[in-house]
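Across the two complexes that follow, chain A remains constant while its partner is chain B and subsequently chain C.
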Partner chain A sequence: MYKISQHLAWLSLWRRKTRSAMVVMMIALCLSGLLGLQGLYDGMISHMINTTIRSDSGEISLYAKEYRLNKSLDYRLSPLSKFENAFSQIEAIDAYTVRLEQEGLIATAHKSRGATLKGISLEKEQNFGQLDAFITKGNYSFGKGNKNALIGSALAKKFNLSIGSRVIFTAQDVTGEINSISFRISGILKTGNPALDENSVFISMEKISKFLNLQQSATQIALRVKETENIKKVQDQLQILFPDTDVLRWDELYPLLIQMQEIMNIFNLASYAIVFIVAALGIFGVMLVSVLERMREFSIMLAIGTPYRIVRNQIIMEASFLGIIGFLAGALLGGVLLFYMSTAGIDMRSFEAGLELYGYSAVMYANMHLYYFFQAFFAVFFATLLSVIWPLRKLKKIKPIQVIQGKML
Partner chain B sequence: MKLNHVYKTFYPDSPKEVKALTDINLTFEKGEFTTLSGESGSGKTTLLNIIGGLDSATSGQIFLDDDEISAYSEEKMAKLRLHDIGFIFQAYNLIHVLTVRENIGFIMKLLKFDEKEIDTRILELASILQIEDLLDKLPGEISGGQQQRVAVARAVASRPKLILADEPTANLDSKNSERLMNMLRTLNEKEHVTVIFASHDKYVLEQSKRIIVLDDGVVVEDR
Partner chain C sequence: MLFSLAFRNIVKSKGRSIITLLLSTFTTIFFIIYVAFTDGSHHQFIKSSVEIYTGYAHVNLNGYRDEGGYDNLIEDAGSIDQILKNDSSIKTYSPRFETYSLLSGDEKAVGSMIVGIIPSSEASLSKLPSSLIKGEYLTDNDTNAIYIGSALAKRLNVDIGSQVAMVGSSIDYSIAADLFTIKGIFKTGLFEFDSQAAFVNKSYLDTIMLSDNIASYFTLYFHDNEHIDDVTTALQASLPSEVEAVNWKILLSALVQAMLVDSIFNYISISIFFLVIFFVIMIFSYVNIYTRAREIGLLRALGLTSKDIFGMLFVEILLLATVSIVVGTIIGASIAYYYELHPIVISGIAETYKEYGVVSDEIPMNFDLFTIAWNALTIFILNLAAIIYPVTKINKLTAMEAMRYV
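And then the complex of A and B:
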C-alpha cells in the first residue's frame, strides 16, 4: 500500500513540476533566512565575547583581593615570578598576559579627562589575544625606547588625537606621589570593548613600572585556557594555589555579557519562532491549497474505492518529499549564506555608532554550526507535518460524491 | 440487491429541503441489465449513488446478498466499492496525474493484481475501446469522448460484480455509444455482471432488459 502511495506522490510531484518547484523554493528561502538569522545572532554575541576575552579578561583573570572594589595599587599581584612559575606547571593554560594599571587624568593642551593607564607587554598581548589585530591607525609599537603609547579609538576621537599627537597622563604612584608622564601616540586601537576603547591608554610594562614606582607587580593577570571545558578546572586549581587572590572567569567578570547573551538567546528564539511560524504558515498555505485544489481528484480516488489511508499516505509523502527537497535546497542556500557571512561578514558601518555603543562590531560575522542544520531539519519536518493535518482532516470529513458533483469543497 | 423504503432528503428541516427519493422499494437480481430513467432532477443519479454507497439514504435499508450495506462504515463501504463495484461517471472523473494506462490499471493495482495480468487487461480493453494510441497520454491531452472510454475501461478492468453507469453515453458519438453498450452487454451476458445505468438516452433504453422510470423521486414505472 505504501508503494502505491509513494508512486502516486512521486507522479503527482513530477507531473506538476512548477507547483513542486514553487513549494521547494519557498521552503528553501524560508530555511536559508532561518539559518542566516541564527548564525548572525550567534555570531554577534560570540564576537562580543571573543573580543572581550581577547582584549581584556581572557578566560580567567587574577586580581588581588579587594582590587576590583578599590582600585588601589596597594592591592596588587606580586611578585610576578610566583604566578609565572605556577602557570608553567599547568598544562591547560595556553597563554597569559600581565597588566599593571592606574587610573588618572589624560590631558592635551585643550582638554583633560579621567582615563586608565595600562602597562602591557606587546609581545605577550599578541600571543594572548592578537591585540595587534585591533590597530586601526599607526603601528603596534611603543617606538624606540618605549616612549610612545597606544590609545583607545573612542578616547582618541574625544581628544581629536592622531598618530604623533602628544598627551600627558597624571596619576598617583604607589607612594601617593602625583607624577606626570608624557608620550606620543603611535597607534590607535579599536577593540569593540567600550570599556577599553573609551578609557584606555597603553604603555610598556617597563615604563609604567617606573612611573608608578613598582617592580615585579601587576594589577591583573589574564589567562587563556586551551579547552573551554577546562576553564572551571583551571580556575579551581589557581584558587587553591593562590587563596588570597580573586580568580575569576570571564563570565563572572562580565555578567552583563551573559545577560546580553541570554537576552539575545530569547530574542533569537523569538525571531526564530516568528520566521519559523512564517515558514510553517507558508508551507501550510501551499500544502493546503495544493490539497484543496485537488480535492476533486482525491474524491474520485475515494469514490472508486481507494482506501483513505492510501490517499492520506500519498499526501503525507508528497509533503515529506517537498519538505526534504526544500530542506536540502535551503540547507545548501543557507550554508552558502552562512559561509559568506562568516568569512566576509555584513558591513553595517552606516549603523556603526549605535552598534558600538552596545559593543557590537560594525562588520558582523555569522557563526556556522552543524546543529543549526539539524534544528532546521526538525523545523521543516514539523512544519510539513503540521501543514497536512488540517487538509487531511478536511478530506476525511468530505463526502466524495458531493465534491465530484461540485456541491461541496 | 434489495432497497427497502429508501428515502433521501437534501437539506432536511431547512427552507431549502428537497425530497430527492421517496419510498423506493426495488430488487435487482444478479446479472440484470437495467436502466434508471426519468427527466433531469427525477432522482436517478441520487438513487445510483445510494446503490453504489457513494451517498447515504436518509432512511431505509439496502441489502446486498442479505448483508445490510446501508449500515456499513465508510471504510467497509470503500472496500465494497473497490472490490465489487465499477463506476462510470458522467464527467469521466479520471485521475489527472495518471496516464491513460495508469488510470485503467489503477483499481487493479489497488487490488494487487499481477503486473502481467494488469498489462494484458489494459491492452485488451484499449483494443476493444480503440484507445491503444492514447495509453501514454494524460487525461488532459485527450478529448472528452476519449476520456469517457478510458473511464469505462477503468470501471470494468477489475471485472466487478456490479457496474453503475451515470449517463455513460452523454459525451459519446453513436458509434462509440454502440461500442460501449456492446461491451457492457457482453460482460453482462458472459460474466453475469450486473449493470445499472442512469440515463435517458434512447439507445441505452432500447438496449436495457429492465427500465425503471423515476419521477420526482418516486418509482412510477418498472418494466
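And then the complex of A and C:
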C-alpha cells in the first residue's frame, strides 16, 4: 500500500512540471543562499576566534591576580620554573608560551605614540600558534644577538616603518624608573587581532627582562590544550595548583567573541525560520491547488474503499518529494558554494581597512560543517509538513459521493 | 474593461490576493525597518566619531594624515586662521596641536595622546566639555591643568588633583617635560579615545612644545554639514596648495568602509528573503492564472489579444502591489520616523561593544524619504517581476489550447 502511495505521489508530482519545478527552485535557491551565508558568517567568527587563540589567549591564559585590572609589573607571574614544572606534568597541555609586557611610548625620529612592548620567545610562539605564519614582511627573527624587534602591521603603517627602521621605546621598569630602548625592525606581523596589530612591538624575552629589570617573570602565560573537552579540566587543575593566579579560558577573556558567535547562530536560525515559513506558503499554494484539482480523483479513491491514510500519505509524500528534491538540489548548490568559499575564499581586499578595524580578515573563508545540512534538512522538512496541513484538513472534510456528483468541492 | 476584469479577478481569487497583499505589505514594512535600523546604527556610529572629537572636516598640511609627526605641521597657523575666518561657509573652527608623550602617575607610565586645544572653541566643535564626568573642564587661562580620559585616568591610577608628569619631545626634537595637575576627567564612550587622550590649553602647551603659531590641523564645523563634499571642495579653492581640506568621509575612511561592508552583508542576507517572497508570489500568480486558463482561453476566443490578457493580469498585480506597498510604506515609514525620534534602547550594548566604538545604548532608526522610496520601489518591482513568467507562459497557449487546459 505504501508503495502505491509512493508511486502515485511521484507521478502526480510530474503532472504539473512547471509548478513543481518552481517549488524545487525556490527551495534550492533559498537553501543554497542560506547555507552560503551560514558558512561565511561562521567562518568570519571562527577566523577571529582562531587568530585570537593563536596570537594571544591560547585556550587558557594565566595572569597574576589584579594584573588584568591594573596592568602593573607588581602583579606578575614569578618564578616561571614553578609554572613550567607544573605544565610538564599535565599531559593535556600541548604547548605554552610566556610573555612579559609593558605599556609605553614608541617613537621614531619624527613621530611617537602609545604602544605595548611584548617580550616573547620566538620558538615557543611558533609551537604555540605558528606566529611565524603571520609575518607579512621581513623575517621571523630578532636578528643577530636578539637585538631586533617584530612589529604589528597597523602600527608599522602608522609610523611608515619598513624592515631595518629604527624605533625607540620608552617605559617604566619594575622600579618605576623611566628607561628607553632602541631596536631595528626585522619583521612585520599581521595577526588579524587589532589589539596586537595596532599596538604591539615584540622583542626577545631576554631583552625585555633586562630592560624592565626583571628575571624569571611573565605577565601572561598562555597554554594550548590538546582537545577542546580537556580545556575545563586543565583549567580546574591549574586553578588548584595556583590558587593565587587567574586561570582563564579564552572565552572568559574574550566574551565578546562568544557573544558574536551566539548572535550569529541566532541570526542563522531566525533566517532559516523566516525563509522556510514563507517557503512553506509557496509549497502550500502548490499543494492546495494540487489537492483541489484532484478532489474527484481522491473522492473516487475514497468511495471505492481506499483508506483515508493512503490518500493522506500520498499527499504528504508528494510534498515530501518536492521538499527532498529541493533540499538535494539546494544542498548540492550550497555545498559547491561553500566548498568554493572555504577553499578560494572571498577577496574583500578593497574593503581591507574597514574589515581590519573590527578584526575581520580581508580574504574571507567560509566554514563547512555537516550540521549545516542537517539543520537545512529539518527546515525543509518542517516547511513541507506545514504546507500540507490545510490541504489535508480540506480533504478530510469532503463527502466523496457529493464531490463525484459535482455537488461539493 | 481591463481594469474591471482585473478588479473582479482580485475579488474572486481571495486567497491569492490576500496572500500576495500580506506578503508584499509585510515585506515592505520589514525592508523599510531593516534598512532604517541598519542606516540608523551606522549613522549613529559615524556621528559619534565625528561629533565627539574628530569634527566634520580638517585643514592640514598635505601628507599630515599619512605621515603625521612634526614634519607636517602647519607652521603659519595665523595665515590659515585668517582664511578660515573669512570663509562664510564655516560656522566655527579651532586649531589643535596633537602629540604623543609618556604620561606618568605615581605608579605607572602610559603612552598617551596629548592635545593642545583652545578650550572655549571646543564647546561648539566637539563633545569634550559635555563629556566631563569629574572635576572641571579646561578654561582658556589654564596653565598646567590637564583634562584626561576616564580609562586613561584608570590606567594611570590617578584622580582629580593628582599630578602627572609628561615626557615627550618638542617640535625641535628636544625633550619636553612638565608636571600637570588633573583638572577634569571625561568619558565620551569611545573606548580607545578615553583610554589614550588628554587635553591641555594650547597656549600653555605651545610654551612646552615650542609650537606657538603652529598647529597639527584645524578642525571645522560648517553651516551646512549635510553637503560636506561641496563645502570642503569650495574651501579647498581658497587654501594654499600645500594645505588640504579633508572631510570626515576621508578622515574616518576605515569606519565608513566598515559600515559599507556591513550594509553589503545586510543586503545579501535580506536578498534571500526577497528571493523566497519572489517565488511565493510567482507560484501563487502561476497557480491562479492557470486555474483560470479556460477563462483566459475564452477571452482570447472572444477576441482579446495576448496583449490584452497581459494587460489584464498586469493590472491585477499592479493593483495588489500598489495597495500593499502604499500600506506597507505608510506603516514602515511611521515606525522608522517614530524610532528616529525615540531611539530603541538596548541596555548594556555600549558597555559590551565599547571596544567596537559603540558609545550609546540608544540606536535610532534613520528616517530618510529617499531611502524609503527606493525600498518601496524594490518591493514593487519584485511584485511585477514575479508575474512575468506566468503571464508569458499562459500567453503562449492558443485560445483553443487554453480552453482545453485541464
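We take it that the second predicted complex is superposed on the first by the 316 of 409 C-alpha atoms of A that agree within 3 Å, B and C clash if a C-alpha of one lies under 4 Å from a C-alpha of the other, contacts with A are read in each partner's own complex, and residues count from 1 in each chain.
Rule of thumb we're sticking to: contacts are C-beta pairs under 8 Å (C-beta built on N, C-alpha and C of every residue); 3 or more make two chains touch, one makes a residue touch a chain.
All of these numbers come straight from a predicted model, not from anything done at the bench.
Asker: With the two complexes superposed on chain A, say which partner A:A133 touches: chain B (first), chain C (second), both, or neither.
Answerer: After superposition on chain A, A:A133 lies in contact with neither partner.
Asker: Report for A:I4: first if it touches chain B alone, second if chain C alone, otherwise both or neither.
Answerer: first
Asker: When the two structures are overlaid on chain A, which partner does A:L269 contact: first (chain B), second (chain C), both, or neither?
Answerer: neither
Asker: Under the stated touch criterion, which partner chain does A:A344 make contact with: chain B (first), chain C (second), both, or neither?
Answerer: So A:A344 meets neither chain B nor chain C here.
Asker: With the two structures laid over each other on chain A, which partner does A:T306 touch: chain B (first), chain C (second), both, or neither?
Answerer: A:T306: touches chain B, not chain C.
Asker: Is A:V336 in contact with chain B, with chain C, with both, or with neither (first, second, both, neither)?
Answerer: A:V336 sits against neither chain B nor chain C.
Asker: Looking at the overlay, does A:K111 come into contact with chain B only (first), chain C only (second), both, or neither?
Answerer: The answer is second: A:K111 touches chain C but not chain B.
Asker: Decide which partner touches more residues of chain A, taking chain B and chain C as the two options.
Answerer: C
Asker: With both complexes superposed on chain A, which partner does A:K158 reach: first (chain B), second (chain C), both or neither?
Answerer: A:K158: touches chain C, not chain B.
Asker: Using the touch definition up top, name the residues of chain A that touch chain B in the complex.
Answerer: On the chain A side, the touching residues are 4, 8, 11-12, 15-16, 297, 300-308, 310, 399-402, 404.
Asker: Could you list, by residue number, the parts of chain A that touch chain C in their complex?
Answerer: For chain A paired with chain C, touching residues are 18-19, 22-23, 25-26, 29-30, 33-34, 37, 70-72, 74, 103-115, 158, 160, 170-172, 176, 178, 256, 259, 267, 271, 274-275, 278-279, 281-282, 285-286, 289, 293, 348, 351, 353-358.
Asker: Could you pull out which chain C residues touch chain A in their complex?
Answerer: Going through chain C, the ones touching chain A are 16, 19, 23, 66-71, 99-102, 104, 107-113, 155, 157, 167-169, 173, 196, 253-261, 268-269, 271-273, 275-277, 279-280, 282-284, 286-287, 290-291, 352-353, 355-356, 393.
Asker: Mind pulling up the chain B residues that touch chain A in the complex?
Answerer: Listed in rising order, the residues of chain B that touch chain A are 49, 54-55, 74-75, 78-83, 85, 87, 89, 91, 93-98, 102, 106-107, 109-110, 138, 154-155.
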